[in-house]
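For reference, the structures are reproduced in the following blocks.
Next come two complexes built around subunit A: one with subunit B, the other with subunit C.
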Partner chain A sequence: MPLPARKKRNYLPLVLLVLALFPMFGSGYYNELIAKIMIMTIFAMSLDLLVGFTGLVSFGHAAFFGVAAYSVVLLSPKYDPANLWLVLPAAVFTGAAVAFVVGLFVLRTKGIYFIMVTLAFAQMIYFVFHDTPLGGGSDGAFLNVKPELRIGETVLLDLNEPMQFYYIVLAFLVVAYVFLRVLLRSPLGHALAGIRSNEHRMLSLGFPVFLYKLAGFVTAGGIAGLAGFFSACQYGFVTPEILSWHQSGNVLLMVILGGMGTLNGAAIGAFAFVVLQELFSALTKHWQLLMGAVIVTVVMVLPGGLSSLPQRLKGLLIGGGNRNG
Partner chain B sequence: MDFSTFLIQLLNSLQYGLLLFLVASGLTLIFGIMGIINLAHGSFYMMGAYMAFSLTALSGNLLVAIVVGIALSVLIGFLLEWALFSRLYKRDHLDQVLLTYGLILIFEELRSLIVGDDVHGVPIPELLSASIQLSETLSYPVYRLFMSAVCILLAIVMYWLIRYTRLGMMIRAGSSNREMVQALGINIDLIYRIVFGLGVTLAAFAGMLAAPVSSVYPGMGNQVLIICFVVVVIGGVGSVWGALVAALLIGLADTFGKVIAPDYAGLAVYVLMAAVLLWRPEGIFRRI
Partner chain C sequence: MAELVLSARGMSRRFGGLYANRDVSLDMHKGMLHAVLGPNGAGKSTLINLLSGDLPPSAGQILYRGQDISGWSPDKRSRAGIGRSYQRTNIFPAFTVFENCRLAAQSRAPRALRVFSKAVSFADLCDAADRAIEQAGLAARRDAVAATLSHGEQRQLEIAMVLATSPSVLLLDEPLAGMGPEESQSMVALLKKLTPDHAILLVEHDMDAVFAVADVITVMVTGQVLESGPPEQIRDSVAVQEAYLGEGEPGDE
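After this line comes the complex of A and B, so read on.
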């Protein structure tokens, strides 16, 4: 018997308040960590648009994140700060443009092919940065001076300042979240949901399915580009590793950990992943062993992700709950 | 390019292609028959190479190492299928991707803990260490010819196994309708376990065979895995015959790409894949 419907509590304002007040109490290390989690949340939300909302399991999402990060480094002048007005849209555009080209190829395939082909294309882009001198080869490249927001000669915001960086990331996290919320409620969002549940039906109804999927893919690439932009700015350097398939795997893991198909889940997943990564790597240099064990355990016993945990516990306590989620 | 250089490159591409086929055929069989996408397949190749290294160091003989290694691989395959994969048949591809991604991390770290992160070499057995003189300055190692011969032999055995034996018949039937085969009284779980063990063993054997030529290094499995995905995409998922043709094509593209444009050779195979995707999104051959 299903549980009686209850009005869902909205924790969003509370989370926002905590995030906004956090830097007043946290130290530099924790601020940086939270900023990283926010960046990864943007990244995970963009992938969730594909995996959770459209049903496209992409295993090459790091490519768009990575090329955008590289674009910041390549577009910034060597010894002067770049202008945020310029490099941020450029990074988003780069992510979206690469996603457009890749999408033209990969969206011709379905299911398991799609997984393999997205991985292969991402790997091809990885090799472009790894093997050619374009982005400094396998050593990567430094972003010597971080971008700032200038109007005329006045500097409004400087990404070099950790505090300002934190709040800019927070602001863009909210922008990305609201954007995706609106998009999911738009006709495009509904069409994507329709494709997810039955692509053939959508085709027979006369929807240009390929174009819708491409639109979703490009949007996801652009938002991943936004995350890539901030990631490059946070660390001040880029290496081919940021577009490696480990990165693609990790972001997919965040989406699953949090429970796919919900934007809040992406945030939970990003939080869980980054915190686990910090904990494990403080413990041992073989932290990936522990991470691997966590992944295997989650897949085997918790298919709905962490956000299904309360429901599951409740099911266990009351008895007769849906154990297979 | 004179004739002997061309011949050497041709033999190299053949040898590389055949080796890829061994790994990719396991991948494509596991998917085609069991519907499992296995990212950890490259790890089995890596395991095979490391087993060849450790066991040769222990026993002093590559042949002994290979025999023991094969036994171990079959065991590992059965164990993994029993403990993890058998629970994933009804799940999404997404869960399979994630589980096998987790396995890759575990296998790589275990490798690092047990053997370390150094690059190792495995000596070529004395019997096969000679070279055939092609011209004044160029020669071709016998071991590479031996590798190609073994791969061709295995391909023929596999073809025979799937086409002409009772087991092969059950495997083919199981790939088209699991329930019906079960209803006919065939133990489909056992068939699946055998197919998975076979796939793991093929990949590990390819690793053992390649160890003396390619050296043994961390991350070698992932490199092979992604190329194998390209092979499967070009050949058509589930098609062993397609995997053979695609692997040979990739061997050619990669080897001659390196001769013609060394800087961009890494991209040649992906360009080939993109072209095939445009032409035939479902691969050149579609089914077994």
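After this line comes the complex of A and C, so read on.
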């Protein structure tokens, strides 16, 4: 018997509307916070493509985010704004290219080895930026003037303007979200889902699994690069910390917190993580203790992540709820 | 003589000092069903794993249409037309029956770069999937999630997935295991229907089924070929009876 199709309410237009109207009511601080959440959402969605949809638990995803952020600083002229349509694709390309090279090695390993090898590669890249003068060493480097888009003498878009920055990030968040949704229903997306479900069978059905995983890995690296681009532009400086394993861990926690294998979960996870980080660090400098407690609680009570909360509540109220959402 | 499709020449597989397969040679022809019998541990599954590429051989050759494919990876062999099913059900449990088969068919026309097209929008793949589902007798369960199928139905799905890849060689590892009598009968009928267009290797414990469908039978014991020939020859073979059939087949005399 085919299961009756469950009607799902679509909250996306509402979320989009709130995000679009928010700057009209929010102050500068909150606009910046929401922009940060949107950037982290792009980052977390790119990791979810690997962790949630392909079954590749990468613990080095900050590497692609970080090198892209550095590429913005390194490619921008010192005292003039860079061309947005040059540095943005360049940052995405950098993230994807580094993912390609790293992927050639790490995708030959599986399970726990994959986790460790992705971590090892990310740490290698971290120390390249930390210990060499390439990106200013451990102090990092400044992006004095942020990129802008101009035709002739007219400046169309200027990332130095917080409002414009906010809406450009929002636009690219939508682009990244729609792109991933479209990708996931394409033949490639279905093949990645097959790899997550049963890699061995995919191989025996004739899929060159390694190439498919590499395609997923490069795509995720490119989108992480997009997030890295905006992160560099938001703060106007980069430090090796954005490449560190803390950053890889944080984004992994966002995905787990929100719920793996649902792009919406990545967004909810990024939102919850950034907001809690903000709240807890205002309370105490030991905010990671509180954050840890929240994550342990969520994982134990809601294995499907925060995005499964409505179904879980419904299940509890009606009875016979499905623990896994 | 029918067209020779796949053959093993002096194929061996060692695990440490133990031979799982030793100097095995056999031929598979188009239009013939080649059954492999043998007690547990005779090396039947290893034989299939060697032919499908899941295991590399330690020695010997595997020839597919005259070409040595011993070094080919499993996915390359599959794309060349060598399909296999597994003894322990090996499906995508969270997908529907249809998606299991559609994905299998997709391996023949990957279109991996068509990222802006829907996977389910390609009619050729959907048709191939539906044909395979129909052939395997699962049409009524097309939209069921694979994990919710009964064991017998999952065995049928296992076969349907192989068929969806339109292979020319079928390596079937105990397709009847765990099936009820009715399902077994329809599977035997399916095997008969598939034989004219395929070269089939059937590893099976069900004697009645094997003797009903096989054109050639190879009996293996401790990793080696004991005897190979038409069913009548195997039935009358003294060596086979002593080694294997003698235990539980009194009706053979």
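In the analysis below, the second predicted complex is superposed on the first by the 316 of 325 C-alpha atoms of A that agree within 3 Å, B and C clash if a C-alpha of one lies under 4 Å from a C-alpha of the other, contacts with A are read in each partner's own complex, and residues count from 1 in each chain.
We adopt the following convention: a contact is a pair of C-beta atoms (placed from the backbone, for glycine too) under 8 Å apart; a residue touches a chain by one contact, two chains touch by 3 or more.
These numbers come from a predicted model, not from an experiment.
By the touch criterion defined above, A:G206 lies against subunit C but remains apart from subunit B after alignment on the C-alpha atoms of chain A. Of the two partner chains, subunit C is the only one touched by A:L183; subunit B is not. Set against each other, subunit B and subunit C differ in how many residues of subunit A they touch, and the higher count belongs to B.
Shared contact residues on subunit A (touching subunit B in one structure, subunit C in the other): none found.
Taken in their complex, subunit A has these residues touching subunit B: 51, 57, 59, 105-106, 108-109, 111-113, 115-117, 119-121, 123-124, 127-128, 131-132, 245, 249, 252-253, 256, 260, 286, 288-289, 291-296, 298-300, 303. Here subunit C touches subunit A in the complex through residues 52, 54, 73-76, 78-79, 84, 86, 90-95, 99, 102-104, 106-108, 110-120, 122, 143-145, 161, 165, going by the rule given at the top.
Within the complex formed with subunit C, the subunit A residues making contact are 1-3, 182-183, 185-191, 193-194, 197-198, 200-209, 211-212, 215.
On subunit B, the positions that touch subunit A within their shared complex are 31, 37, 84, 87-88, 91, 93-95, 97-99, 101-106, 108-110, 112-113, 222, 226, 229-230, 232-233, 237, 263-264, 266-267, 270, 273-274, 277-278, 281-283.
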